[in-house]
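In the two complexes below, subunit A is the common chain; its partner is subunit B in one and subunit C in the other.
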Partner chain A sequence: MRAERVGIAVVGGGPAGIAAAVAARACGAPVVLLDDNPDVGGQIWRRVQGGPAGVWRERVKQSGAEIRSGVTVFDAERTGGCVRLRCDSAAGPSVVDAERVVLATGARELFLPFPGWTLPGVFGVGGLQALAKNGLDVRGKRIVVGGTGPLLLAVAAFLNEREAKVELIAEQAERSGLLGFAGAVLGQPGKLWQGAKLRASIIDVEYRFGAWITEARGEDRVRQVVMNDGRVIDVDAVACGFGLVGNTQLAQVVGAGIGHEKRDSEVATQRDRAGAGTGHLALGTGEGRTGAQMVQTADLKTGPWQGRVVVDDLMRTSVGGVLCAGEPLGIGGVETSLVEGTMAGYSAAGREELARGLIPRRRRERAFAAAMERAFALREEVLRLARPETIVCRCEDVAMARIASCDHWRGAKLLTRCGMGPCQGRVCGAAVEAMMGWAVRDVRPPVFPVSMNALSATGGAMEGA
Partner chain B sequence: MGTETREVIELFIDGRSVRVAPGASVAAAVLNAGKACRASVGGERRAAVCGMGICFECRVEIDGVLHERSCMIEASEGMRVRTVDAG
Partner chain C sequence: MSTKFDAIVIGLGIVGCSCAWALSRRGLRVLAVGDAPIGGGATAAGMGHVAIMDDSEAQFRLTARSAELWMALRDELPPEAAVDYCGTLWIAADEEELNAARSKHAFYQSRGVRTEVLDEKSIADAEPNLRSGLAGGLRIVDDSIVYPPVVCEWMLAEVTRRGGAVRFAHVANATRTRMTLAGGETIDAGVVVLAGGDASAKVCPWLPVRPRKGHLVITDRYPGFCRHELVELGYLKNAHSHATESVAFNLQPRPTGQMLLGSSRQYGVEHAEVEARMVAWVIERAKMYMPLIGSLRVVRAWTGFRAATPDSLPIIGGRDGVDEPVVATGHEGLGLTASLGTAELISAILTGAPTTLDAGAYAASRDFGGHGGH
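Up next is the complex of A and B:
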C-alpha cells in the first residue's frame, strides 16, 4: 500500500480545490490534489472546456501540483503532527500524511421527498445535467424542471441546447421574493449578464414562479407530474433541485467545528420581524472525533438547520493544519469558491498576507450568496410534500411516517435504519434536516463505503471497533 | 486510456449490445437502453438520481463486481453490466 508524507494535500478538484492548489503552488509549496472524479473541474465544470473552467483547469495542470484523479478520501484524522488522509482508488488504498490539508469537498444537491420521487426518471437537476454530459441522451425527451434556484434555469438551458423538450420550469419561490434578489444582483453586473443570457437562451420555455411538483406518477418509470395547481403534465423525465448542501463529512470526522446557520426561510422571517440587519451567523461549537456524537438537546427541533464548517479569515478550521474552502462553508457558488480556495492555498502555504488581501472580495461574494439564499428560501409547502407512505430514505426504504414518529435523527437511525445505507444519509439526512429541523451531525469514518481491505490496509478500521 | 481513439464503445447491458460515445458513463448507457439500475430493499426499481456518486441509486453489477456506482464509471469496450432488469 502506498503511504507517504506530503506538504499540502487538497481534497476535491472543483473550483475551490483547483484555486487552492494553484495558489499554494504559486507560493512554491508542494501540493497533492486528490479528487474522486475522472477529471478535475468538480460538478460545476464537468466537461466544460472553455471559459473560466478551461482557464483554471489549465492553470492547475501547469501549476506543478500533483493531480490524482479517481481517488476517494474516506477518512481524515489529526495525528502525530500531520493530518492523515485515508484514500481508496481503483489502484488500491493509500495513506497520505499531510502537513496541511485544504478540504474543498464541494456540495451535493438537496433532494426533498415527494410522492413518486423514487421512480426511475426522476433526477436531481444537477444530476440530470451530469448524466447528460456523460452520455445520457435527452433528445426529444419531455422534461419538467422543478424546485428552486438559478440552477433550474441553467440546467433547463442546457437541456434545451441538447434538444430536450423542457415542458416547464417550476420555481417554487414567488416572483416578489426575487425582486430583492435582483437588487443584489445589480451590484454585480457580471452575474446579471449571465442571468440575462440564460433567460434569453430558453425564452420559449414556460417559467413559472410559485409553482412546484407535488407528485410524480408512473408504474415502471415516471410518466406524469402533478403540479401544485393541479395541472398534470406528461413527461419522460423530471429534474428537481431544491438547492445545494455542502459536503461537510470529512470536516466532521477530522473534528472541525461545525456551525449552524438557520436555513433562510426562518432567517428571513426573523429578519423581517426585526426589520433589518446584516449578518445572521449563529455559530455553534464543534464536536471532536471522540466527542459526544449526539447533538445537544438544545439543537434539536429548533431548525431547520444547515451545518457548515467554521473557519477564520484565513480559511483555517478549528483543527490545526486543516483548512476549508467553498461550499462546505455554506453554499456560495463558483466565484466564492475560487476566492476562498485561493485564500486557503495562500494560507496553507504560509503566505497569510496574500490571503488577507482577499478578505474584502470574499465578503462581497458571501453577501451575494446570502442574498441568493434568502431569495430562494424553501417554502413550507415544499418541505411538506412527503406523505406518510412516501419513502424518505431510499437506501433502506424508510417511509416518512416512521421517521416522523421519532424525536431526533439519531433515534430515527437506530429505530428505522434511516440514513444507515450506502449513501450514509447524504440524501435522506439533508432532507430530514430540512423537513424535520433536526440537526443531522453524526458522521463517522469511512465517509464513503470502502472495502474491508481498504479499511484495514490504511489502519482505518479501528474506529468504533 | 485507449478508449479515446475509438468512435464508439460497445458494452453489454443484461446481455444486449449497447453503443455509447467514448467517455459516457455506465449509468448513461443503462438509461439510454431504457433500463433501471437496482432493486431497492423493498423491491422497487431504482435508477440514477444524483449523477455524482452520492445517492448510490445507480448501483449495478459490472464485470462481476456487485454494487458499482454506474454514474462514476466510464463505459469501456466489452464491459458486461447487469441491472435489475436482467430478468
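Up next is the complex of A and C:
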C-alpha cells in the first residue's frame, strides 16, 4: 500500500479544488489533488471542453500539481502533526499524510420525497443531465422539469438541445420573490447575461413561477405528473431539482465545526416541533476526533436547515491544518468556489496576504449566493409534499409517517433505520434535514462505502499475513 | 409533580426499558427517564445477538432464562424488531477448540439446550464462506438476533399505555425513592431503579463497572454470504480475559442482507471515536476465518461501551440499608440477551413476582474481590 507525506493535499477536483491547487502551486507549494472522478472538473465542468472549464483544466494541469483522479478519500483524521487521508482507488488503497488539507468536496443534489418520486423515470436534474451526457437518448421524450433554482433552466436548456420535448419548467418560487434576486444580479452583469442566454435557448418552453409537482403517477414507471394547480401532464420522464447540499461529511469526520440549528443540540425533549424551520441558527460545538471546539462564528442566517462547514476569513476550519472551500461552506456556485478555492490555496501555502486580498470579492459572491438562496428558498408546501405512506429512505424502505413520529434524526435512525442503508443517509439525510428541521450530524467513517481490505490496509493491520 | 409514580427507571437502553416494561406489567406506574434517545447508549451500538452462554452457571441461568423470555415475546414484537432465529455457530479452528466445543455440547445438552457438534465437512456445508480446514464447530440452535432499539420503543409504548411516562433528562443523583434531575427538579417514587449502563457509576459511585469499548462495522448487502451468527471459539477466552485490548471474530447476518462484523474490546479508552487501527484489527481477524470477506464493502463503522464488572456478571438489585437506587447494570457484552431475565429479577425483587432465577449470584452486595463494595 502506498503511504506518503505531502505538503498540501486538495480533496475534490471541481472549480474550488482546481483553483486551490493552482493558487498553492503559484506560491511554490507542493500539491497533490485527489478527486474521485476520471478527470478533474467537478460537477459543472465534467466533460466540458472550451470556455472557463478548458482554461482552468489547462491551468491546473500546467501548475505542477500532482493530479490523482479516480481516488476516493473515505476518511480524514488529525494525527501526529498532520492530517491523514485514507483513500481508495482502482489501483488499491493508499494513505496520504498532509501538512495541510483543502476540502473542496462540492455538493450533491437534494432529493425531496413527494408521492411517486421513487417511480422509474423520475430523476434528479443533475442525474438526468449526467445520463444524457453518457448517451441516454432523450430525443422526443416528454419531460417536466420541476423544483427550484437556476439549475432548472440550465438542465432544461441542455435537454432542449438534445431534442427532448420539455413540456414545462415548474419553478416553485414566486416571481415576486425573485425581484429581490434581480436586484442582486444587477451588480453582477456576467450572471445576468448567463441567465438571459439560458432563457433565450428555451424560449419556446413554458416557464412557470409558483408551480410545483405534487405527485408523479404511473404503475411501472412515471406516466403523468400532477401540478399544484391540479393540472395533469403526460410525461415520459421527470427531472426534479430542489437545490444542492454541500458535501460536509469529510469535514465532519475530521472534526471541523459545522454551523447548525440549536434545537437539535439539546437532545430533543417532548414532541415539540414548534420552532422547526424558523431559520433560527446557532453554532454547534464541532467536537470531532480531535475534540476540537468551534472557534469561529459566522452569519448563517440563510437556509434554515442546511449544515455548513464554518471557516474564518482565511478559509480555515476549526481543525488545525484543515481548510475548506466552495459548496460545503454553503451553496455558492462556480464563481464563489473559484474565489474561495484560490483563497484556500494561498492560505494553505502560507501566503495569507494574498488570500486576504480576495476577501471583498468573496464577500460579494457570498452576498449574491445568499440572495439567490433566499429567492429560491423552498416553500413550506414543497417541504410537505410527502404523504404518510411516501417512502423517504429508499435503502431501508422507511415511510414518512414513521419518520414524522420521531423527535430527532438520531431517534429516527435508531427506530426506523432511516439512513442506515448503503447510502448512509446521503440522500434521505438531507431530505429529512430539510423537511423536519433536524440537524443531521452523525457522520462516521468511512464516508463512502469501501472494501474491508482498503479499510484494513489504511488502518494499520495488527494480524494476519 | 402532581402524579406520583410507583417506580422510576433511569436509562432508556434495553435493560432500563425491559425493567420499566416488566414493572408496568405488574401494575406499577413507571416513569422511565434517560438522557439519550430511546434505545441509545450501548444498546444502539450492540449487535443484538441473543446468546445462551456457559462461562459460569450463573451466567448460563440468566442467559438461558432470558432466551426463553425472548422466545415467548417473539410474536408480540413488531416486525421491525427483526427477530431471526438464525442460531449461533461457534467455530473451532483446531482439535483443541473442537474438544472445547464437545464439552460445551455436553454442558448444554444436560441443561436442555439444543446444540449440535459439527465436523470439518458439516461446518463447511453450513457456512461455505468459511475457510477450509477448520476443525468443526458447535451450533446453538435456538440463539437468535433482534434489533434492540425497536424493542425498546415497543416496551416504552406499553409502559405509557399502562399509565407510565417517558422523560428525556439527565439525572444528577438519586436515592432509593427520589431522583434529582440536572435542572434541580426532584421526583419521588416508590422506588428508583438505575439502569444507566456504563455511566451508572456516575450516579452510584461505588459500582465496580468499567466502560469497555467495542468497534463494529456494517457491510453493504450480500444476502446469503453467511447464515448463522458466527463466533470464533477463542471468543470466550478473549471476552473474559481482562487484557487491555482484544479482538475476536464475530459476524452476524442481518435480515437486510447486510452483515455486522465485530468485535473488539478495549479498556481505558474514553473517547467514542472510531479508531482505524482497531477496525483494521477486527477485519484482519475476520479474514483468518473468512478470507473472501476482505472484498466486501463496508458502509460504516461505529463504537459502543459495554459495562464490565470484575467477575463478569451483572449487578442486579439493591444493597440493604443504603439509601441508593436499586441497580441493574454491568452486563458487559450480554446486556441485550440478559435484559429480559434481569427485568424479571428486578420485578421479583420489587414486587414479589415469581422467578426461577436466584438473585444471590447477581446481588449488589456480593463480594467483588476488593473492587467496589465500600
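Simple rule for what comes next: the second predicted complex is superposed on the first by the 420 of 465 C-alpha atoms of A that agree within 3 Å, B and C clash if a C-alpha of one lies under 4 Å from a C-alpha of the other, contacts with A are read in each partner's own complex, and residues count from 1 in each chain.
We take it that contacts are C-beta pairs under 8 Å (C-beta built on N, C-alpha and C of every residue); 3 or more make two chains touch, one makes a residue touch a chain.
No experiment lies behind these values; they were computed from the predicted model shown.
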According to the stated criteria, A:131 is in contact with first (subunit B), second (subunit C), both, or neither; which is it? first
Of the two partner chains, subunit B (first) and subunit C (second), which one does A:321 touch, if any: first, second, both, or neither? neither
Contact-wise, after the overlay, does A:396 reach subunit B, subunit C, both or neither (first, second, both, neither)? both
Which superposed partner A:86 touches (first subunit B, second subunit C, both, neither): second
Could you tell me if A:218 is touching subunit B, subunit C, both of them or neither one (first, second, both, neither)? neither
Just subunit B (first), just subunit C (second), both, or neither: which does A:30 touch? neither
Thinking of the overlay built on chain A, is A:422 touched by subunit B (first), by subunit C (second), by both, or by neither? both
Would you mind listing the overlap between the subunit B footprint and the subunit C footprint on subunit A? 396, 421-422, 449
Listed in rising order, subunit B residues that touch subunit A in their complex are 20-21, 23-25, 27-29, 31-32, 36-37, 40-42, 44-57, 59, 67, 71-72, 74-75
Spell out the residues on subunit A that touch subunit C in their complex, using ranges where they run on. 75, 77, 86, 267-270, 288-289, 291, 396, 407-408, 410-411, 414-417, 420-422, 424, 444-446, 449-453, 455-464
Which residues of subunit A touch subunit B in their complex? 36-38, 43, 108-109, 111, 118, 120-124, 126-132, 134-137, 220-221, 391, 394-397, 421-423, 426-427, 449
Which bits of subunit C are touching subunit A when the two form their complex? 35-40, 44, 80, 147, 149-150, 153, 168-169, 217-221, 247, 256, 258, 261, 271, 273-274, 276-281, 283-288, 293-302
